[in-house]
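Got a structure here, written out as C-alpha cells. Questions coming.
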Amino acid sequence: MNTAAPVSKRRAYEAPAYWRWLGFLIVAAIALPLPFLLKNFFIFQLTLAMVYAIAILGLNLLTGFNGQFSLGHSAFFALGAYTAAILMDQYDVSYYWTLPVAGIVCFVAGFLFGLPALRLEGVYLALATFALAISMPQILKLSPLEHWTGGVQGIVLIKPNAPFGLPLNPDQWLYFFVFAVAALLFFCAYNLVSSRTGRAIKAIRDNPVAARTMGVNLSLYKSLTFGVSALYTGIAGALGGIAVQFVAPDSFTFGLSIALFVGLVVGGVGSIGGALFGAWFVLFVPNIAEQVSKGLAGAVYGVMLVLLIYLMPFGLAGLVRMAAMRFARAKR
Amino acid sequence: MELFLHQVLAGLATGGIYACMALAIVMIYQAIDHLNFAQGEMAMFSTFIAWQLIEWGFPYWAAFFLTLAISFAGGYMIERVIMRPLHNAPILSHVAMFIALFAILNSAAGFIWDYQVKNFPTPFGTKSILGEGLLSAHDAGMIGATVVMLLFLFLFFRYTRIGLSMRAAAANPESARLVGIRVGWMLALGWGMAASIGAVAGMLIAPVVFLEPNMMSSILLYGFAGAVVGGLTSPAGAVVGGLMVGVIENLAGTFIPVIGRELKLTIALALIVLVLTVKPSGLFGRTVVHRV
Amino acid sequence: MSTMLLQAKNICAYYGPTQVLHGLDLAIAEGGITTLLGANGAGKTTILRSVCGMVRTTGEIRFRGHEIADKATEDIVRLGIAHVPEGRGTFVRLTVEENLQLGAITRGNKVEIATDVERVFGYFPRLRERYRQQAGTLSGGEQQMLAIGRAMMLRPKLLLLDEPSFGLAPLIVQEVFSILKQMNQREKVSIFLVEQNAALALDLADQAYLLETGRVVMAGAARELREDENIRRAYLGY
Amino acid sequence: MKTHYLIPAIVLGMALAASPASAQKKYDVGATDTEIKIGNIMPYSGPASAYGVIGKAIDAYFKKINAEQGGINGRKINFISYDDGYNPAKAVEQARKLVESDEVLFILNSLGTPSNSAIQKYMNAKQVPQLFVATGATKWGDPKNFPWTMGWQPPYQSEARIYAAYILKNKPNAKIGILYQNDDFGKDYLKGLKDGLGDKAKSLIVSEQPYEVTDPTIDSQVINLKGAGVDTLVTITTPKFGAQTIKKVAELGWKPTHIITNVSASVGGVLKPAGLENCKDILSTAYLKDASDPTWKDDAGLKNWIAFMDKYMPDANKADGSLVYGYSVAQTMVQVLKQAGDNLTRENIMKQAASLKDVQLEMALPGVKLNTSATDFYPFDQMQMMQFGTDSWKLFGPVITGGVASAT
C-alpha cells in the first residue's frame, strides 16, 4: 500500500482556539468527578482507556501528522512497561520516576529505529515496524535477559497508594495521576502540532519534496518524530504496566499494535482529540462483541469495525469536523 | 557440513510455503496496489472449503478446482460488497478494513469448523525424494506448483490485454479510466484472482502445517517478509525471497550460538530490514524513476 | 462552419461542497482546434474533467448526439474522447510499448492497433527508440509525446489536452504544437486545448474561449481574440 | 434417563466431609438462597482460541445441572464467562469486572499461565478464590503465599518427572533430545524433566530445541535433534506442533523412543491427523480418558459424557480433549459446592476445595483421584503412563503420584 501520504489532502477544518479550551474544560468537568461516582472497576477501566489514548496519540503523531506508517508501536509500549517494571521491581524506584525514564528510553529507541527506517517508505516501513512488533515478545523472553525481565513469567508490580494521606483509594489515585499525565501530554501534543516544528512535520507528510526545498531537514525531523511518538507510547506503556500491576511478553504481542492502529483509524487520523474515542473503541468494543456472541466474538468485532468505517471513513474526528464545517456554513 | 546441507534443504522445503504465500501477496499487490492483511485468512478459509468438499465426498481435484472457483467468487464479492463503498476513504481506513476482514474470517472459521487440527490431503504424495525425508514429494510439488503459477501469472500480466489493464488500473486508476478501462471491474477481478491464488497456496501449505483457523497467521508474516525482500513488484523476486527467508531462518536458528535458537525469526527479520535499508525496493524490485 | 461535436449547456461543477464552475456554455466545432484561456484557478482543468465525468457535474453535455454528463469516465472515453490530463497521466512503471497498447485497450483489432502504433511513431520517432523502456525514465518532452501518442491510439474524435506545454523547453513546445496541428489536419481529430501560454494557443486554434472564475467571459474566433485589446494586455503581455 | 452421574463422588464426599449442610446459611457476595455466581475467563478470541471450548463445556455442564437437578442445593449456577484473548492485561480487566461489577463468588478455571499470573495477586489481595486454574504450571499449588489460588490439572513438572524416571529406569544411557515450546508451558516441563533427571541431566540431554508458537513448522528443529544423534525424543508441544513432529519424525525415517506430552496425546486431535501408522510405540501419560480412544468405547463414564455432549453441545467435535477437560472441571466444582452446603462464604469454598478426598471423576482414569489438603493445592497429581498400539493407547505400569507436591 502506498502510505506516503495516508491522510486526506483535504484542508482540515481548524476549530478556533477557544473551542479547544472549552472542549478541554468540558472533558475535565466530566472526568474529574467520575472516580467519586463509579465503582473501582470502572475507574480502572477508564484509567486504562486514558493509557491507550496516550499510546494512540503517540502513534498519531507519527502516522497522522508525519505520514510514517507503524505497526510496531506495541514494541515501544512494551519497552516503556518493562522499563517501569524493572525499575520498580529491581531498583525500588518510585512509580512516578519511572515515567520520565521510560519516556527517555523509548525516545532514544524510537529515534534510533527511525534512522534506518528513513530509507523505507510505505509498505517497506510497515514491514520493518511489523518485524519490530513480532520480535519484541521474543526478545523479552530471551533467556540471557531473564534475570531482569522475569522471562515468560513476567513481573508482578505493586499498585501505588495515594500520597500525602489523600483520602483516595489506589484506583482513584491512579486515575487522577494518569489523567494529569494524559492532560499534560495532550497539551504538549497540541502545542507541538501547531508550532513551527509541527508545520515542518506536517509538510513532510504532505509533500516531502517541497518540504526539502523549504529547508526542512527531512531525516532529522522524521527521526525526531519517531522518537517523540515512541516517547508517548512508552509513557503509556509504563502507566499501563503500573495500572495492570503485571507485565509479561504476552501482553505486548502484535495484537496490541493492531489494536492501537484500529484505535487510530476509528478515532481519526491526524486528530489529537480522536485518540480518546480510539481508546474507547480499543477497550470496550471487544467487550461488547463478546456479549453478542462468545463463539463469534472476533467476527462481531470485525463487523462492528466495518460498520464504523462505513459510517465514518475519516474516523470520528472526520465526522465531527464535517459536522462543524456544516454548522459553520449554516451560521454564515 | 552435513547438518548445513540438511538445514538448507529443509529451509527450501519450508521456504516453498513462504514463496507460495509471497506470490499470492505480490499478486494482489499488483492488482490493487495494497498489501492485504486478510490474505492469509482468506487462504485459510478457502482451504477449509476444500476440506469440507472432500469430506462431503468430492474427489481431490474436483474439490480443488471448485474451491478455486468459489474463492474467486468470494474475492470478487469482497471487493464489490466490502471494499467498494470505501473507494474514497483514506488508505489507512482500507487497512483497518483488512484487519476487520481478518477478524471475521478467523473467527467464523473457528466457529464453523472448530479449532482441532485437521489433516489435508496432498496430491503429490509424501514419499521422500531427497535426503531421507528432507525434501518430500509434496515439498517438491509445492515448489513446482509455485513456479508454474509464477509462469502463468507472468504470461498473464505480460502478454494479455486484461493483465495489462489490471496492472494499469492498479498503478494509476485515474489514467486507466481515461483510456477506457473499467477500473472497478479490474479491482474486483484482482481480488478474485488473488483469492484463488491464495486458495492454491492454502491447499498446498495445509498438508504440511495441518489445517486449523490460525494456520496462516504466522505464515502470512513470512510471506510478507519474502515478498518484500524479493521486491513487491516482482513475482519471481517474491518466490526467491520466500525461499531465502526459509533458508536464512533455519541457518540462523542452527548456527548462531545462544540467541540463535530463541531468536531465529528476529534474526531473519533483522536481516531483511538490513537488506531493505541497502536496497529499499527489495532485491529484485524495480525502482520507479520519476523525472519531471 | 461545420456541425458542433460537443455542446455543453449550463454546466456547474463541484469539488466536495465547493462550486468551481458556475453554469457555463460551450461548443466545440467538428474538425477544428478550440482553445480555452484563463488565469490559474479559473476552472480550465475542471471543464476538461467535467467533460470526462471526473468531477461532480450538473448541466447538459452532448457529444455527437449522446448525453454524457451522467456517464462514467470509461464510457465517455469509449465514445471517442481522449484526454491527456494535467501531469500527463503516464503509467510510469510500464514500458512505452505498454503505455501505447493501453491507449488502444478498448479496441479489438490487433492489426489496426499495430498500424496505429506505427503511425504514432511517424509523428514521434523518438518514442520508437524508447519502445521497451520504462515510461518513468523518459524526459518530460518525451513523456508528453507519449501521452499524446497514447491518446491518439484510441482513434478519438475529440482530443482534450491539458497544458501540454507545461514544464517543457520552448523548442520542444514548438515541436509538439506543430505536430498537434498536423494531427488535427491528417487524423480528423478535433482538439480542445487548455493552455497557459495564450500566444501559442491562439496561434494554433481556430476558436477560443476566455474563462474567469468559472464563467465564460469571451468567446469567438481565435484571430479576433488575439486582436482584442484586453486580452493582449492581460494574457499576451504586449 | 435421569442418572446421578456423580453418585460415587457424592457418596465419598458425604462420607468424608462429615455434615456438609450445616443448618446455618452463610453467604458472601455472589451467593444467595437461589443463585451462585461463578466467574470465568477464557481466550475465546486470539491465538489461544482453541481452548475457548473449555469455557463452553463448563457452561454446558452447569446448564445441565441447573436443568436436571435444579442447581446445587437448590441454588442455580450463574456462570459468567469473559474473553481475555490470551492477553494478561485484558485478564486483569475481566477479573476485576467479575469481582467488582458482576460480584461473583469466585473465579473458576481461568485459562493460561500469563493471565493467571496477572490476576493472582489481585485475587489473593481481594481474598476471592481463584479456583482450579486451567494451566499446569507448578506455581499454582502454593497455599502458603497464595492461599486463594488453586490448580487443577497435574502440574507440568510432575508429568515431566514421570518421563525422567521412565528414562532413567529403561534407558539409562539415553541420548535425550527435547523439543519444547518457548513459553511458560514449555519451560516448566523442561525444568521438571531436568529436575527429574537430576545429576544425569547434563550428560544425558544432548540437544534442546525451542520453537515459537509463531513458527509455521518445526522441521528445522527436528532435523537438528536427529542430527545431534538423539535416540530419545521428548516432545513438549501444543497439539498442532505435536502432530507436525510425529509426522516429520516419520518422514525422516527416524525411530527414536518418542515421548509426547499429555497435552498432545489426543487420538482424534493429534495422532489421527499425524497418521496413526506414524504413532506406533509413542509414550505419554494420561489422567483423563481420551474420548477419541477406542479403549473406552464401552466405558460407562464415557457413555454418560457422550449423552451429555449429544444433548448440550451437539455441534462440538468430540475428538477435542478440551471438552472432557471442561466437563471434569465442572464436575469437580459441583463436588466442592455440594460439600460447601449452605455455607457459601469464600473462605468455606476454599476450605472445601482443599478437602477433596479420593474423588473419582467419571472421565478420570480408573484409580486417578482428586486429593487436596490444606497444604496440597494440586487436586490432580496422579497420572499413568501409556504407549500407543495400532489404534489406541495402552495404559501400563502403576498410577504414579507426581513428585512436585511433596517436593515443594
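Per-chain residue numbering starts at 1, and chain names A, B, C and D are given in the order in which the chains are listed.
Going forward, contacts are C-beta pairs under 8 Å (C-beta built on N, C-alpha and C of every residue); 3 or more make two chains touch, one makes a residue touch a chain.
No experiment lies behind these values; they were computed from the predicted model shown.
Enquirer: Quick one: which chain's Cα centre is the longest way from subunit D's?
Expert: So the chain farthest away from subunit D turns out to be C.
Enquirer: Of the chain pairs B-D and B-C, which one is connected by the greater count of C-beta contacts?
Expert: B-D
Enquirer: Roughly how many whole angstrom separate the Cα centroids of subunit B and subunit D?
Expert: 37
Enquirer: Hey, how far is the Cα centre of subunit A from the one of subunit C, in Å?
Expert: 48
Enquirer: Roughly how many whole angstrom separate the Cα centroids of subunit B and subunit C?
Expert: For subunit B versus subunit C, the centre distance works out to 42 Å.
Enquirer: Averaging only over C-alpha atoms, locate the centres of subunit C and subunit D and give their separation in whole Å.
Expert: Whole-Å distance between the two chain centres: 75.
Enquirer: Tell me, which residues of subunit C touch at least two other chains?
Expert: Where subunit C is concerned, no single residue meets two or more other chains.
Enquirer: Going through subunit A residue by residue, note those that touch at least 2 other chains and give them in order.
Expert: 134, 138, 141, 295, 297-298, 301 - these are the residues of subunit A that touch more than one other chain.
Enquirer: Spell out, as numbers or ranges, the residues of subunit D touching 2 or more other chains.
Expert: If we look for residues of subunit D contacting two or more partner chains, we find 45, 47, 49, 52, 182, 212, 214.
Enquirer: Using the touch definition up top, name the residues of subunit C that touch subunit B in the complex.
Expert: 52, 54, 72-74, 77-78, 82-83, 85, 89-94, 98, 101-103, 105-106, 134, 136-140, 143, 150, 154, 167
Enquirer: Using the touch definition from the top, list the residues of subunit B that touch subunit C in their complex.
Expert: 161, 164-165, 167-168, 171-172, 174-183, 233, 286, 288-292
Enquirer: Show which residues of subunit D lie in contact with subunit B when the two form their complex.
Expert: So the residues of subunit D in touch with subunit B come to 45, 47, 49-50, 52-53, 182, 209-210, 212, 214-217, 219-221, 223-224, 227, 239-240, 243-244, 248, 251-254, 268-270, 272-275, 316-317, 319-320.
Enquirer: Hey, which residues of subunit B end up touching subunit A in the complex?
Expert: Listed in rising order, the residues of subunit B that touch subunit A are 29, 33-35, 82, 85-86, 88-97, 99-104, 106-108, 110-111, 221, 224-225, 228, 232, 258-259, 262-263, 265-266, 269-270, 272-273, 276-277, 280-282.
Enquirer: Which stretch or stretches of subunit A touch subunit B in the complex?
Expert: So the residues of subunit A in touch with subunit B come to 1-3, 6-8, 63, 69, 116, 119-121, 123-124, 126-128, 130-131, 134-135, 138-139, 141-144, 258, 261-262, 264-266, 269, 295-303, 305-306, 309-310, 313-315.
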